[in-house]
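Listed below are the structures to be examined.
Shared between the two complexes below is chain A, which pairs with chain B and chain C, respectively.
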Partner chain A sequence: MILRTSKRVLAADSAAAVIAAAGVFVAFSLINSHFLTRLNIDGIIVAASISAITGLGMTLVIAMRALDLSVGSIMGLAAIIAAHLLGEGVPLGLVIIAGLAVGCGLGLINGLLITMLGLPSFVATLATLSMILGVELLITQGQTISIHNIGFNKLVVTNIGGFLPVAAVVAAAVFAVVWLIFHRTPFGRHVAAIGGDERAAVGAGINIMAVTIGTFVLVGFCAALSGLMTGAQLQNVDSTIGANAELTAIAVVVVGGTSLTGGRGNLFGTVCAAGLLAAIEAGLNVVNVSSLYDDLVFGGILIIALMVDGLRRGSRRRGTLVT
Partner chain B sequence: MAPTEEDPLVADLGVKGEEAPGAAVPALRASRLCKSFDGVEVLHGVDVELRSGEVHALVGENGAGKSTLINLLSGRLRPDAGHVELNGQPVEFRNPLAARRAGISVIAQELEVVPTLTVVENVFLGSEPTKFGIVRWRDARRRAVNTLSELGLDADPDRAVGAMGVADQQLVEIAKAVVGQFGVLIMDEPTSALNLEEVERLFRVVRRLKADGVAVLYVSHRLWEVFDLADRVTVVRDGNLIFTKSIAETNIGAAIRAMLGSKSSLVTDVAQVGREIEREVAAARQGAHRNESSVPERSEMGRAAPGRAPRSGDGQGPVSDTPEGNKRPPAVELEGVHSGSLLSDINLTVHDGEVVGLAGVLGSGRTELCETMCGLRKVDTGTIRLRGVRARLREPKEALAHGVFALSEDRKSEGIFGHLDVRENVVLNFDAARGERMPADAASNPVRAWAGKAAVLIRKTGLTWVRARAERRAFDSARASLGIRCSRPDERITALSGGNQQKALFARAALTRPAVLVLSEPTRGVDVGAKEEIYTAIDGFAGEGIAIIVSSAEISELMRLAARIYVIRNGRIVAQVAREEASEEQILRYMAG
Partner chain C sequence: MKDDAVQVDSNRARLAVLKHTIGGRMRFPRERRGVWILNAALLVVLAFEAPTFYTAGNIETVLGDTAILGIVAAGMTVLIMAGAFDLSVTSIMGLAPIVAVSVAGDGSGLSLLLLSVLTGVGLGVVNGLVVTRGRVAPFVATLGTLFVFGSIADIISKGNALVVTNPTVLRLGTGSVGQLVPYSFLIMIAVFGMCHVLLRRLHLGRWVRAAGSNLRAAHVGGIDVRWVYFALFVISGALTGLAGILLSGYLSSADATQAPNYNLNAIAVVVVGGTSLRGGEGTLVGTALAAWLFAVVGNGLVLLGVNSYWQYVATGIIVILALILGKVGFGGEIWPRRRGISGGAPPQSLDVAPTAAAAVDSAPSDV
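The block that comes next holds the complex of A and B.
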């Protein structure tokens, strides 16, 4: 079993992300001993967990050959609503449920727009992205809302047993659930089938509408969860939370080895890529590269990942001819 | 449903058993079905009735309405008028899912497998066996392997379907339809990519399903298959029902006549053709299955249209088949070509105006050989010479630049652009400026060479104006000369019948003014009438001096078209026979080894 798993990991499309993540950790630790401090590692784990959760949802969306550009704004709105409700004295449990419900609801709206109106997901979610941002601004009036709920913060950053932040546990749970859905349920197969060949999926009697809506609800849920965690971590929320997070989410999916051409998805790779990107960001900070360069580096990584994906698809195509 | 351990296959091929009692009630009955597209009615009130435990053949030319009828029965389209009854109950399928749930399983004409998913995932797509919502992959894998081995496919169930050959994909497609529960099976051209042995296995499965009480609707262009397998046959023409008869009451000649209608004057000796095919079927039934694919369409086609084809059945081409005394080097020459483990030591020559055939079973290397010539496959050692000059064809565009135009055997995914209209498809490679090639002396004059290269580069980037009028003219003349039947030039190409799509691709080829044409399965999925038109077009191309290579699974087609036939087996050319000296049987024997 262990042998099979490790074999699969090495043979899988995620191998590049795993190796790169390991390499980055080693390299930064050698360059600067501060990289391996507890504080820094915790920061990496929390950041990676947050981007991994949205990325996991996005993996299914991309496997379905769709895109969700609204995840960043969903993160922001979930965090803002949570902050607002906490300010009104609503109990923490209800606040979390409300935040997640908002994510699911927005995912449902995305799914309905795509299936009922037949809009391309790219366009539909670009529109909702803009609208959600508008709602955020109306709620915050452009101001920052502070969260004064220590419990909320602890739910994310507390180290279990002194070393493992709760965020990582949450991310692991999300990974397990999404993995089960993707690999062990008909729904998951249908997501991949739609991404692989939609016409064939229709012919096989798959309910395209239900699967599409379900996938967007799932990614909405994941994004809202990431948003809540971001809010809890930062304690101060405004409408910039989740800005550009859709690009991060797409990047971790692609860097993780999921092809933008759909039909397959690599959840483990997504998690590794989230770790890789978080490590690079923290590492650059530790070695005193200004965070102004982050976006530049990030874009470069994305291009490399897309190149690798392109090469892989090329060789696969040639491989098809050879067999 | 738990398949029994003794014979899981029977359970896999299981049937909803309830429809038997009232034998009078047909499993599926469609009455007066009508369907229009864009205001044009293509189906004018067709009735068809499938009984449990029968194989019902549906035949007709391309464009006769077969596919529309099937799409109506399987929920892909909804009828404008008329109704469908399933086991006596009126039903209205809103989508394929509803039809499938009601027990109608469909093998689509075009492969409907998801390339990125594995074999087992494809076989159970949409009908995954689950327990508490979790797919039981182990169970699924076992059942998929059983069903596939019954069909003769010994494949790794965890292999991605996209990495398999077309024939194997087709078997996966069939397996997909026959697992699970159903009372009606609709098979639309299930054998187009299969070899004889695979067809035989498929027939065994169909007969088993029939014995189990499934109603099978079987669509095929191969009439011998129909008359071998079916109990009753329904003929449609131009959206009308011509007749439904039991096989005993009719014969192939009558079926062809009914399919062609007034056009049957094309086939002057229909009765003769019918008799020959029937003799063939009789021979096939007696177990001489090796010769089956040699449906004597050669004689049918050869004599069918005197005066239409420049080359009628006497075997003498319009252009000299003998290259002697021809000082021009051959248009194509392959010498000692190797490619991977699939092609070894291929030597082949094609002269201007010559049609050369490639025969070989699936997997023999026939497809791969065509790929080397059109730049899709790497040549490891050996040389390809075009008109005596060594050419390196690393990409199709290089082949095209050398005047080699190839038509893929997979028209839908590698030929047409389904989202474009007919004219756009035809003029795709049309370059109004072609012919303004670099002058021969340009090479010696650096300035002119640079200017010429720059001009070519600009043209290649497509940074020139679309010459709309030239394109229209080119399209109109190609449409007229090839007889492409479409209502308007801006009709979507997918709305055309297979034969007309193929003619559009021929028109595309013609507009590139090729020196060499590589045609793979030029008449796959094309009906009898259009087939002859395509043969005529190929003859016409040869008459213009184009060197043509035809690769086909139908030996009769090669005998009809080609002066010489190369037989390829296990990646080697094992024989080269002249048409006059060869019999189909002999070629089959070379193919089988």
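The block that comes next holds the complex of A and C.
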């Protein structure tokens, strides 16, 4: 029974993320007992939730065999607009709706550039990445905007029942919704179909335009939500929020076991990989290793996970290997 | 229905003949049209609105701005033609000069230069090994090494900027011939010449295009695609190391984050220049023109007195415009309307291009 379960875990696409996350957690708790303190665990959960939400949206985009490089900029712009509106005294509810609407709107623009003009998603979102960053800087003029709104902060970091940060609940809700969309609706199947073989999807009568636009709106929404949460957590917002988040998000999705070749997406793996990244950052901090090593460990895990994956697949067909 | 199809076919044939005659005489390929038009438009606008653009001192600045991004983009062009990416250039540009400065900070200029290039070669070897032996797709492999190399650069420099005092390196980064042509620009010309020879005069160039247009067919055709990828990553690493030390000379410091976003910017330059992310074909001339275009935009906005933050917006607009301009016209995808699948298509190979190793795997066993 245990053997069968462990075999199934090892064979799954998300194996690398699950094993690495578990290993990192165990290792850090053994090295330093402070790793398992309430404060530290809460920090990990909040950080993991934020990067998981963007990652979940990105998983769908990658399952469609596209990429969205503009998520980092969308995160930043949503946070900046929210901070700006809060400064003007707009009620919190409206601010959150506005921030999310900005994300959806930018996602729509991405989708339209890709479908109407036929630009590759990589190039279209590379262009919007730069443009949105420019808008951020024009709004902030390179300055930091402080948020003086305790309610906004509490919406992310409060512990429900003294146990679970709200951020985790939000992330769980996003996971549930994205999972249902991807696995239980025609839309989700169409996303995977387009990623698997676009021509076949066209032949099957799938409305590529609508599905592409819908997916990019979804990822825009997710990114904006992450951005708002980051802003709420930090209380200080500037244009560096979300800087390079697009590459981190792609890395999280890939470590989670989703291949860039499209057609499949592993949402659970993405969440595990987000947890892994957050645990590495918090853990190295606890054991007093400089944060300069964060990326070394995470990048190393990314490469090793992919190499093991490649060798595992390769060993099955060794007979055909030509060198 | 059938007649319709025949009609379309004959129209297409006529169009193809027309395109061939026009294209054959004018040598004005559609994919490079965008960068030419945008360059021309900008230069004309600047002539009227900011004549100071055409002073020797300013041209020198623009050429200097062109050079470093251009050198990185040259390597990226060759990689993209082969269907690969190198996202780690950002980190290599930081790490290579940091290694050079910390090992031979007091040494001669030549040793600094060589060390930086050699470090780039070494990092390129790592990239190449991960891609070809580790069987990881280039995009994600270099995404991983982007993190790893960046972190190592941080660790070596302890997160600080190292001061560069070597006069030779400083001169290479900032000096120029006759107050007009910077040394770095001359180096860029040499790099483009080298890449041109590589692509047009060496077997490797043919293999690059073959691997880029169809990896599996290239393998079945007897090309050692793994070796091709390995070589390209090493070349890209060397060029990036070179660009890194030039940038350090320009900034008179070596910093782990001295080249933020050079990876995506270099890809943007390559794409604006008219090289398709689908691989298999590309244009070095276009890349050089696009690097110049980006430098002109940055410089021109300053001269026009526009808030420098508009530069980001302008960059995005240029990327989109250049691609649209390349798609309009005879046989273009936007107008006149092309038949068949319209838009929406994420590029075929982009993201991932099945790795060299995967292609080897999926090839028939009797090869």
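Here is the rule we go by: the second predicted complex is superposed on the first by the 294 of 323 C-alpha atoms of A that agree within 3 Å, B and C clash if a C-alpha of one lies under 4 Å from a C-alpha of the other, contacts with A are read in each partner's own complex, and residues count from 1 in each chain.
Please note the rule applied: contacts are C-beta pairs under 8 Å (C-beta built on N, C-alpha and C of every residue); 3 or more make two chains touch, one makes a residue touch a chain.
The structure presented is a predicted model; accordingly, all values stated were derived computationally and were not measured.
Counting the residues of chain A that each partner touches, chain B and chain C differ, and the larger count belongs to C.
When the two complexes are overlaid on their common chain A, residue A:199 makes contact with chain B and with chain C alike. By the touch criterion defined above, A:258 lies against neither chain B nor chain C after alignment on the C-alpha atoms of chain A.
Of the two partner chains, neither chain B nor chain C is touched by A:59. Of the two partner chains, chain C is the only one touched by A:292; chain B is not. In the superposition on chain A, A:303 contacts chain C only, with no contact to chain B.
Look at A:149: by the touch rule set out above, it reaches neither chain B nor chain C.
Contacts of A:230 after superposition on the shared chain: neither chain B nor chain C is touched. Legend: residue contacts after superposition of the two complexes on their common chain; A:189 is shown touching chain B, with no touch to chain C.
Taken together, the two structures place residues 199, 202, 262, 319-323 of chain A in contact with chain B in one case and with chain C in the other.
Residue ranges on chain C touching chain A, taken from their complex, read 87, 130, 134-137, 139-141, 143-148, 150-152, 154-155, 158-159, 219, 226, 264, 267-268, 271, 277, 307, 309-317, 319-320, 323-324, 327, 333-334, 341-347, 350-352, 354-355, 357, 360-361, 363-365, 367. By the touch criterion given at the top, residues 76, 95-97, 99-101, 106, 108, 111-117, 121, 125-128, 130, 133-135, 137, 162-165, 176, 340, 342, 371, 376-377 of chain B touch chain A in their complex. Interface residues of chain A, counted against chain C in their complex, comprise 62, 64-67, 69, 113-124, 126-131, 133-135, 137-138, 141-142, 198-199, 202, 208-209, 212, 247, 250-251, 254, 259-262, 290, 292-300, 302-303, 306-307, 310-311, 313-314, 317, 319-323. Of all residues in chain A, those touching chain B in their complex are 180, 184-186, 189-190, 192-193, 195-197, 199-207, 262-264, 316, 319-323.
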